[in-house]
Amino acid sequence: MSLQVTDLRVYYRTLAGDVKALDGVTFDVADGEIMGLAGESGCGKSTLGNSLIRIDGRMKYVAGRVVLDGVELPIEDTDAMNRFRYHDISIIPQYAMSALNPTRKIGKMVAELVESRRRSFRELEGELERRLLLVGLSPDVLDRYPIELSGGMKQRMVMVVSTLLNPSLLIADEITSALDVSSQRAVAQTLVEFRDRSFVDSMIVVTHDVSILYQIADTLTVMYAGKLAEKAPTDVMMEAPLHPYTRLLISSLPEIGVRFEEQRLSGIPGSPPSLLNPPAGCRFRDRCPLAFAKCAEEPPFVEVEPGHAVACWKAS
Amino acid sequence: MRRYFGRKLFIYLLTFWVAATIDWMIPRFMPGDPIQSLLSRTQVAPEAVASLIAYYKSLFGLDQAIPQQYLNFWVAMAHGDLGRSVYLSGRPVVDVIMAALPYTLALLVPAILLSWWTGNKAGAFAARRRVLDNTILPVGYILTATPYMWLAIMLAWIFASVLGIFPISGGYGYALEPSLSWTFIKDLAWHWALPFASLFLVMFGGWAIGMRNMIIYELDADYSRYLSALGAPSGLVRRYAFRNAVLPQITGLALQLGVIVAGALVTEIVFSYPGIGKLLLAAVQNQDYFLLQGIFLFIIVGVLVANFLVDIAYVLVDPRTRVGMSGGTA
Amino acid sequence: MSGPTPVEAFPAAGPSRAAPADESVSRRREILYFALRGRKVVVATAVLVALALVAIVGPILRPGDPNAFVGPLGAPPSEEYWFGTTTFGQDVFAQFAHGLTATFVVGLLGGGVAAIIGMAVGFIAGYRGGVIDEVLNMLTNVVLVIPTLAMLIVVTAYLQARGLVLEAAFIGLTSWPWAARAIRAQTFSLKSREFVDLARISGVSSLRVVFREIAPNMSSYLFMTFILMFGGAILIAASLDFIGLGPTEGTSLGLMMYNAVAWSALQLEMWWWFIPPGIGITAIVGALYVMNVGLDEIFNPRLRES
């Protein structure tokens, strides 16, 4: 599959005005690519993930194009998007642990969901059970109520449900945030396995935890204040990042074996700008150690090497 | 589940014991003497007063020691003896109440069931579209804020007094004799209609509003959002939300029973409907303490039984209670 | 008594919001915005204030005993007697105005007593947990199940003289379980929040934790609970009066309806006698419910329809 996103803008309606949570992002995801989407809280990564599948509530589509497998997705029209949901594009939500109807047996819910999407549950049942075994769940979990499952089990269940119809694109939204470290690793590896077994073609893995992405993502995209900062293959990103924000982000990760006396953890002083009235020019300017005069003009997100794009005057 | 019902049963029995004890205690510890007030309303020669007082005291068992009276009270109740009604010239209280009970039940049971069912449907309906919401919601609030007796008064005035469609009082026409004839049954139904409608409408408002709020809450829950994100049709989402929203409505029914019974009592009074309510008014006005006590006990038992039935219904409807908290297996 | 005090009218015992300093400024602004824009709260308050004015000004316009026989018998509304007269020539408007006062008093007192007891029980049970919670819970459940009106009837029927204050007190003593349950649930959810832990670690006594940390963060919830208790007390009092067990002196809206029905106002089509008291109660209780909803929308964004 292939995904092309062009200049996507999605804002949030609030009393005080529009919060420009996603303010013009452009990127591609190739067939079979696991793209990690990282950034601090409020940078717009969840908004990006969610707006690709469902724009509702207080979100407001403003501009942009999304093309999936050559077909333009009508993301601004929630009814027209229904055709694509679950079949072509799917999501493992952030609230996966409470995503199952508490008063319905899990198997029944899956059957009703699948039938409502015009697929035969009977045909899928065998595959469903195989996948359950794959993630370490016994098929008789289908006969239970969500309350009988642990948090981790429910999460794995949702992972299987979301990918049951083999979507082209899967969005995984902060699915490791609520887990302990070993579970995080297991879940991350499950994601890779889904891709390797062609349950899904490509993935966008949204998280604030870069270390997870380092292990499973093919490419890394870093967002800041509603805009893309840098996108590159993971190893390039970890070893030779170009954007000052990315560099500070990577260097703030603790290294194994290094002691506190030898090297302190560095943070990034300051905080992201308000997205109600974002400043003109590069949004990282106020916190950037490399800022200079030209940064008053917004840097475009350009490719500096094949597969490596940056939005920074100093880098391009 | 046995624990669940065991606990409930214990609370109900405890409640009954507390209520019955209070019921027994009140006349004996309240200021004022019920026998005195009883006698003050009858024309009795002063010489006879003393012996009459003694007579009544022994009749009501008031001459015995307090603990003994308490025991007698329970023993009598076990035998189905709730004393005799002074106001109705000595008829056993139990008989008097049993004669009035069917009328009250005939009002309460259909009104509760129908209003609960239609109210919930209406509330769910209102949550679907803004236009419906804007009409059903205010109506619901007005209905539920209306005191039971006032709606009864208004209905009686408009439909019985002014328009003359329905009779304004009584259980059946004064000229008729109870029989199984069609005329009698029709007359019975005609007298039943307005009090029933009154109860129904007020309760309906409450359920509609409650359900509407619950549905909105459920439609915003994580499982609803998940289904929508995966493209499930709104019909499926609404169906799930409805089934989940019904559960607190069942619990709500149990909580409302006391209020609903009170509503039935005052409604009957407005229509002079020959149920427990009218009996209660008579007991209060005539200071017939035995009758009052008996009615109270009946009401308590009725409410407790109804509570228990609702508890059973809840367990049947909510699958999680049957599963129990077996906890997550890693 | 009116229809089911919507259990769901009780704000869902969901996460209440703590207020770290910087957040609270913008939050207050948001609340004010909605409070002023929120039609429901404004309209409801207006209705209550209007009725309260009648309750205060009315008795001044029509001083003296509202039950005195002053006018023509059973006369419809006229210039002199705005709400007409009763079968015995009593001024219906005077009764209405005095009755409104009684209604407000009984609502505030009864609702207040119920709210206070409910808060005491709810806070203690919710905060302490354990055995104390179990015991209080059982107490609450027992009192909850007993039908309030039936209990009140039994208690008041044996009193020869009944006063308004006593009536209000009894009502408060029997209707507190609603409040207790709601407050307990909310206290539970707040108890496990970090700012409470912080206070406890700092060695603050339990009482102060409840009053300084928990209660202020539930203040909107407490106020809404009081509103519901207020409305409930009015309805219960009206029913009690309607059965003839109201205060032996004075008048009230429920008593007006009792008299109207007892003296065949329905058959005689003396609508001016029974319509005002009913509208009075419906208006007050309705306004209270609507205010409750309005406040809930302000403090619980989920129910907003924007």
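As written, the chains take the letters A, B and C, and residue 1 is the first residue of each chain.
In this text, a residue touches a chain if its C-beta (ideal position, glycine included) is under 8 Å from a C-beta of that chain, and two chains touch if they have at least 3 such contacts.
On a predicted model such as this, the values are computed, not experimentally measured, just so you know.
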**Message:** Let me check something: if the centre of a chain is the mean of its CA atoms, which chain is farthest from chain A?
**Reply:** B
**Fill in**
Centre-most chain by CA centroid is C
**Asked** How many Å are there between the centre of chain A and the centre of chain B, using C-alpha atoms for each centre?
**Response** 56
**Asked** In whole angstrom, what separates the CA-based centres of chain B and chain C?
**Response** 21
**Request:** Would you mind pulling out the distance in Å between where the CA atoms of chain A average out and where those of chain C do?
**Result:** 50
**chain B, residues touching no fewer than two other chains** = none
**Residue ranges of chain A touching chain B (in the complex, touch as defined)** = 53-54, 56, 81-87, 90-91, 93, 95, 98-105, 112-113, 116-117, 144-145, 147-153, 158, 161-162
**Complete:** Residue positions on chain C within touch of chain B in the complex are 1-9, 12, 138, 141-142, 144-151, 153-155, 157-160, 231, 235-236, 238-239, 242-245, 254, 257, 260-261, 266-267, 269, 271, 274-275, 277-278, 281-282, 285-286, 288-290, 293, 302-303, 305
**Fill in**
Contacts from chain B onto chain A in the complex sit at residues 221-223, 225-233, 235-236, 240, 243-244, 247, 318-320, 323, 325-330
**Item:** Complex contacts: residues of chain B adjacent to chain C
**Value:** 11-12, 14-15, 18-19, 22-23, 26-27, 30-32, 34, 37, 130, 133, 141-150, 153-154, 156-157, 160-162, 168, 202-207, 209-211, 213-214, 216-217, 220, 248, 251-252, 255-263, 265-266, 269-270, 280-281, 283-285, 287, 289, 292-293, 296, 299-300, 303-304, 307
